[in-house]
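As written, the chains take the letters A, B, C and D, and residue 1 is the first residue of each chain.
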Amino acid sequence: MTKIKTLADLRKIKEEVQSKIKLRENSDHPEQVVQVKVGMATCGIASGAKETMKYFVDELEQQAIDAVVTQTGCMGYCYAEPTVEITLPGKEPVVFGYVNKDKAEEIIDVYIKRGALIDGIIPLAFRTIDD
Amino acid sequence: MDTIQLTIDNKPVVVKKGITILDAASSVGIHIPTLCHMKLDDLNIENRPGGCRICVVEVEGRRNLAPACCTEVADGMVINSHSIRVINARQTVLELILSDHPADCLICAKSGKCELQDMAHHLGIREIHYKGEQSTYREDTSPAIIRDVDKCIMCRRCEMMCNEVQTVGVLSAINRGFNAVVSPAFEMNLDHSVCTYCGQCVAVCPTGALTEVDQTAQVVRALSDPTKTVVVQTAPAVRAALGEEFDMEPGTLVTGKLAASLRRLGFNYVFDTDFAADLTIMEEGTEMLNRLSRFLEGDKNVKLPILTSCCPAWVKFFEHQFPQLNDIPSTARSPQQMFGSIAKTYFAEKMGIDREDLVVVSIMPCVAKKYECGRDEFKVNENPDVDYAITTRELAGLIKLANIDFNKLPNEDFDLPLGESTGAGVIFGTTGGVIEAAVRTAYELYTKKPLQKLDFHELRGMEGIRHATIDFAGFPLKIGIAHGLGNARKLLEKIESGESEFHAIEIMSCPGGCIGGGGQPYHHGNAEILKKRQMALYQEDSNKTIRKSHENPYIIQLYEEFLGKPMSEKAHHLLHTEYFDRT
Amino acid sequence: MPKIKLADNTIKVIKDVCAEYNNSEGELINVLHKVQHKLGYLPAEVQEVIAKELKTSVAKVYGVVTFYSFFSMVPKGEFPISICMGTACYVRGAEQVLNEFKRQLKVEVGESTGDGMFSLNCLRCLGACGLSPVVMVGEKVYGRVAPTQVKQIITDYRDGCGSSDSSKTA
Amino acid sequence: MTDYKMHLLVCGGTGCKAADSDEIRNSLKYWIEQTGMEDDAQVVFTGCFGFCEKGPIVKVLPGNTFYVGVQPGDAEEIVKEHLVKGRPVQRLLYTDPVTKEEISDSKGMEFYKKQMRIALRNCGFINPENIEEYISRDGYMALGKCLTELSPQEVISEIKESGLRGRGGGGFPTGLKWEITNKSEADQKYVVCNADEGDPGAFMDRSILEGDPHSIIEAMAICGYCIGADKGLVYIRAEYPLAIERLKIALNQAREYGLLGEDILGTGFNFDISIRLGAGAFVCGEETALIHSMEGLRGEPTFKPPFPSVSGYLGKPTNVNNVETFANVPVIINKGANWFNKIGTEKSKGTKVFALAGKINNIGLIEVPMGTTLREVIYDIGGGIKDGKEFKSVQTGGPSGGCLTKDFLDTPIDYDNLIAAGSMMGSGGMIVMDEDDCMVSIAKFYLEFTLEESCGKCSPCRIGNKRLHEMLDKITKGEGEEKDIERLKMLSHVIKDTSLCGLGQSSPNPVLSTIANFEDEYLAHVNEKKCPSGQCKDLLKYEVVEDLCTGCTLCFRNCPVGAITGERRQPHYIDQSICIKCGVCYWKCKFNAIKLS
């Protein structure tokens, strides 16, 4: 990585990353990529988020599903840890709670592969700074 | 000078900017009570943790009460030092402190001199409403100091003295919350620690948590034993402070009454450590001149500067902290030990008394002397040169115990031969005194000329580190003085790094020297008392007809009859010592 | 002063840590953390070495060690058990869980079992309040622990399968 | 691949479940099958929508139609009208209380979204270990803007104007603090981030550091620019290994990208940050204690003034802010003070993160605008009380705060209102208690905490809290007298009035607020020797209900002290003089034959 030396450099990186993400999210794009974010804060990990994440990584690879699995911080739903956010191409993100291996399997089979929702969605109910 | 206006207890007051409410109030005669706070003016010693919360006052516009010792005055401040809210808070806080303090005042060593007891009286505490668990700790007895930590109120004065002033670092606050207390590492006993027994923790402790090991009972037993001859020596600083224990003004010299009281207590011979101080000058001064002349002759191996070695806490300090410098201090024993050694040889022989039948008691302003006289190198066949060292305070107790009306005693003289001394011996009790006494003798021995002026004002004072250059007939003798072990440390570090230019350095462990010793009547944070004691010693010196150690006729006689000459083999054997690496 | 009787390589470990922090007195807490991490605990002899290296008094080091609950002068058990006593855990019954551990292990808080297998401690809020009451055994977090599960948790470790998934309760 | 055209989301939160949402789901499924739409519409359960008072809730996608107060009987109409004919059921729509209009798209009911995430804006969105994701969400833009477009004074003015106050509990205006530190003359200054989150039950700082560490780094650099410091220190609890790890990664990335170090963005501004570990002392959250701890000393507070802004770390001017405070800073710079200060109440601007915990359904981390009521937080976001129990009290402000009753549920939360109500904001722990919680025990619990965490330096805190705890202990053991309650109050006031630091000055708050709000519980303990919540075990009795006891001997075999006697198949008996009230018999009994009284 070369250092960011000016504000313009910083803006450039921002735009590059943003367009990369847009590309990923763009449903018209032929390569449809599923995005999986696993909440990996202390309470998530304590509830087994690491195992959940590993399961997603292994399983999606094995089933040859084009997906990006990343970690993220606490989503705030501590009561329902581990929490996982799934974004199907062209769709709104959906957060699932209590995602252990079984649940992850169900999410892959039912939601990711078939687009059908399953029980245990956590409705997002907050405004962000961009609202 | 910037001043500001404020109101204290409805009184408009104009005070200097930047001072505390405590000082502002005190400047108009309002004495806000304090417990943890202690300030020794001119010595740069202050304990201000703001922890006891006794000095709280009400400041208008403030949510909670303000500690007067820590709060700076501000323009227009309105302060109430005795509103009902303040009084209630102050009494409650004190009740809390008392609720975690043993109520054994009647038999406490500190009774009558205890600041906590005074405070309970002052605030009219009649009942302790909050009862509960009291912290209990193991009592720690060392050769000189007793720690009864149950009585610790966490004022932190001892911790401050031990760390900031003395830089010995034995004491620290440990644990936290209700279990917090001041203690050596691992709650070990003091005698396992690097404690120097300087006793400054004892000198400032407001309660009975830190006291000296009381040996008055042993002294009484020796005095009543018909088979023993008991001789007593009394250190220079004692005569300038003992009067305080009998309600005399600080700085009152009680030399004559002191001798009289000791005689009435039944000591067979009443001698003076000042005699031994003169003897110290003979030995130490000669050693200094020897080293100096070798230095001037170009001897590269000679160790300079020479450091004084009269102070036992100082000796223990460098043995623990700077053992690599063990060959720098003078090998001369302290006056107490020189006295003991001479008493049990020269004097005992002279009187035909067996060493075992002679008991030497010393009256010292110091608690470290208790430890010093127990050191193995100062014993012959297990029999110590000095049997008991008791403090000025313990002596006052003995005098009271023997129903002696001290104030009405006549002035009496010390016995001869070991009771004769010069003005040089007297000033051993204050910072700068030992080196001044040494200069008086060394100058004359070196230049072979009589001194024109005996008062070396450039060596006197209360500054923590002082230096002066004395003209030794063309040779500029550079002298350093430090009192307080923290100041001593600074000079030692300079010596270690080779930056020191001094030829001779005097070090005393206690701030002010022995007048401020750990065994003296409690000064309760009043530095004026120390200054008055110091002035008294200089006055005693100037009253003396003989003011140079080498002119003391009984010292001359001692060399003629017994020792030969300074640094002779016999003198070496009896009056010099060696130092040990204690790390 | 107790004579230092540590093995030479232990002393070297301590000295290396101190040197890593430039033997600076101000880094005392970081040094203590690192040394405790390496040696497991901070016995008196270790504190002596640290004091010497950082050129400070051992009383001060001891004062710091006894001030912070993270530092320990006694070795922990092979499986240190920590009960979170944060408010969230407390109101959800952490005290009963703690009492059950005390009863089962027959130790008080801060003690270790005679066989050195377990030590019992309380700690303040792991921030896993969503799982309260929380118990940690070593690095492993048990959430929503009921007093009735305590015996099983201990047995699992005694039987040597403590880290298996069977004991996970979250 | 099945592609449902429609989804019906049925709230499966505790509140809605209690109101029969299971039955609603079944009915919806039934009518979908009846109308032959099973391949077009899917019914799923969701977690709590957080609008429990209007439950049960059903949401229809697409269209975000939000039905409230749905009954099982409504299922037929929803399916036949909405799903089949595409006509929303008007009578089940939510009616805006102000405009009286029915709202069909929940996107138009933003007000229902009680939460507003500013400090938590990136938590759960970005990968905290990837700086580029932070940059993509305007990361380091605020720093760039400050360094290139604004003078330090202009940045300080912006922060001042935003009305941001310290989120660590004290509520001191952040901009003012920066200004004072800016004005202190010195050759070296420091920015310190207080991440010694010690309040039991508060974990927002940990979450921010774990989820969005770069926001703290960026804000600290901005602060350094404003006050003239090139060194920053994060003082973080050693109990937070993951947060420490993520912060370390973030610091390294920021250095790699040149966003920390020398000549940042070519502006000549230098700034770097190092980490200092706490070691388990709550009092180190107090800034002077924190500074002493960073210096390698016992974490004892010292009297202020001098404030750290004038004389702090190593005697140099030091600006100390907590994590959440810093997390707000980049947003204020990016969106402007005027955007920020429109959120919140008159004197408390912006949002506050709370860690909801205790006897509440949706335990978690929430962020709401200042001025949100406790009721909204507990019921609308928190999903109400667990197991359908009765709300008793909510504790805010941690060990320094107080316990508020249901009378305060409609109090808008801000710094001043909470203090007026006898509690405080603190760092944002919010612990909900129900009917089973004994308020005397809660006060004792907090005292136990302060007792253990008091540094011991000043006498009122060191000894006073011990005595308070002893008195409370006496009361919970049934040994208290009525006059003890008065004594507790008097002593509490003196401790508050005379203690050296914030810890002691606030430690009696839980005692005072529980006495003020739950005096009857105290009186029951001292006068009737009864614990109304049945928590104080010394006031409890475990007894065998003879009619239910089968004599299975399970309790007998499990009693650790042999207090239970009885023959097989005969009712057993508990000897009260031996019983240690451990409760084992109570848990073990399979026949509910052990009762508590």
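Definition applied: a residue touches a chain if its C-beta (ideal position, glycine included) is under 8 Å from a C-beta of that chain, and two chains touch if they have at least 3 such contacts.
Worth saying up front: this structure is predicted, and the values here are computed from it rather than measured.
Colleague: Whose C-alpha centre lies nearest the centre of all protein C-alpha atoms?
Modeller: Chain nearest the centroid of all protein C-alpha atoms: C.
Colleague: Using mean CA coordinates as chain centres, what's the chain C-chain D distance in Å?
Modeller: 26
Colleague: Roughly how far is chain B from chain C, centre to centre by C-alpha average, rounded to an integer in Å?
Modeller: Once rounded, the distance between the two centres reads 45 Å.
Colleague: Distance-wise, how many Å sit between the C-alpha centres of chain A and chain D, to the nearest whole number?
Modeller: Roughly 25 Å, centre to centre.
Colleague: Roughly how far is chain A from chain C, going centre to centre by Cα mean, in whole Å?
Modeller: Here chain A and chain C have centroids separated by 36 Å.
Colleague: Where in chain A do residues touch at least two different other chains?
Modeller: 42-43, 45, 77-79
Colleague: Identify all positions of chain C at which a residue touches two or more other chains, and write them in rising order.
Modeller: Where chain C meets two or more other chains at a single residue, that happens at 60, 63, 67, 126-130.
Colleague: Which positions in chain B touch two or more other chains at once?
Modeller: Residue numbers touching two or more other chains: 173, 175-176.
Colleague: Think of each chain as a node with edges to the chains it touches; is that a line, ring, star, complete or other?
Modeller: If you draw each chain as a dot and join those that touch, the picture is no line, ring, star or complete graph.
Colleague: All pairs of touching chains, please: list them by chain label.
Modeller: Those chain pairs which touch are A-C, A-D, B-C, B-D, C-D.
Colleague: Could you list, by residue number, the parts of chain C that touch chain D in their complex?
Modeller: Per the touch definition, chain C meets chain D at residues 24-30, 32-33, 60, 63-64, 67-71, 85-88, 90-92, 96, 99-100, 103, 123-130, 132, 147-148.
Colleague: Give the list of chain D residues in touch with chain B in this complex.
Modeller: For chain D paired with chain B, touching residues are 281, 283, 298, 300, 302-303, 305, 451-460, 462-467, 470, 487, 490-491, 494, 496-500, 505.
Colleague: Which stretch or stretches of chain D touch chain A in the complex?
Modeller: Within the complex, chain D contacts chain A at residues 1-4, 7, 9, 11-12, 42, 44-51, 59, 110, 112-118, 120-130, 132-133, 135-136, 138-141, 144-145, 147-148, 203, 206-208, 210-212, 240, 242-243, 256-259, 265-266, 331, 335, 361-367, 381.
Colleague: Could you please specify the touching residues of chain B with respect to chain D in the complex?
Modeller: 49-53, 56, 64-65, 67, 70-72, 85, 88-89, 92-93, 96-97, 99-100, 129-130, 132-133, 153-154, 173, 175-180
Colleague: Can you tell me which positions in chain D touch chain C when the two form their complex?
Modeller: 197-203, 206-207, 238-240, 276-282, 293-299, 314, 355, 357-359, 363-364, 395, 398, 429, 431, 433, 437, 442, 445-446, 449, 452-453, 455, 560, 582-583, 587
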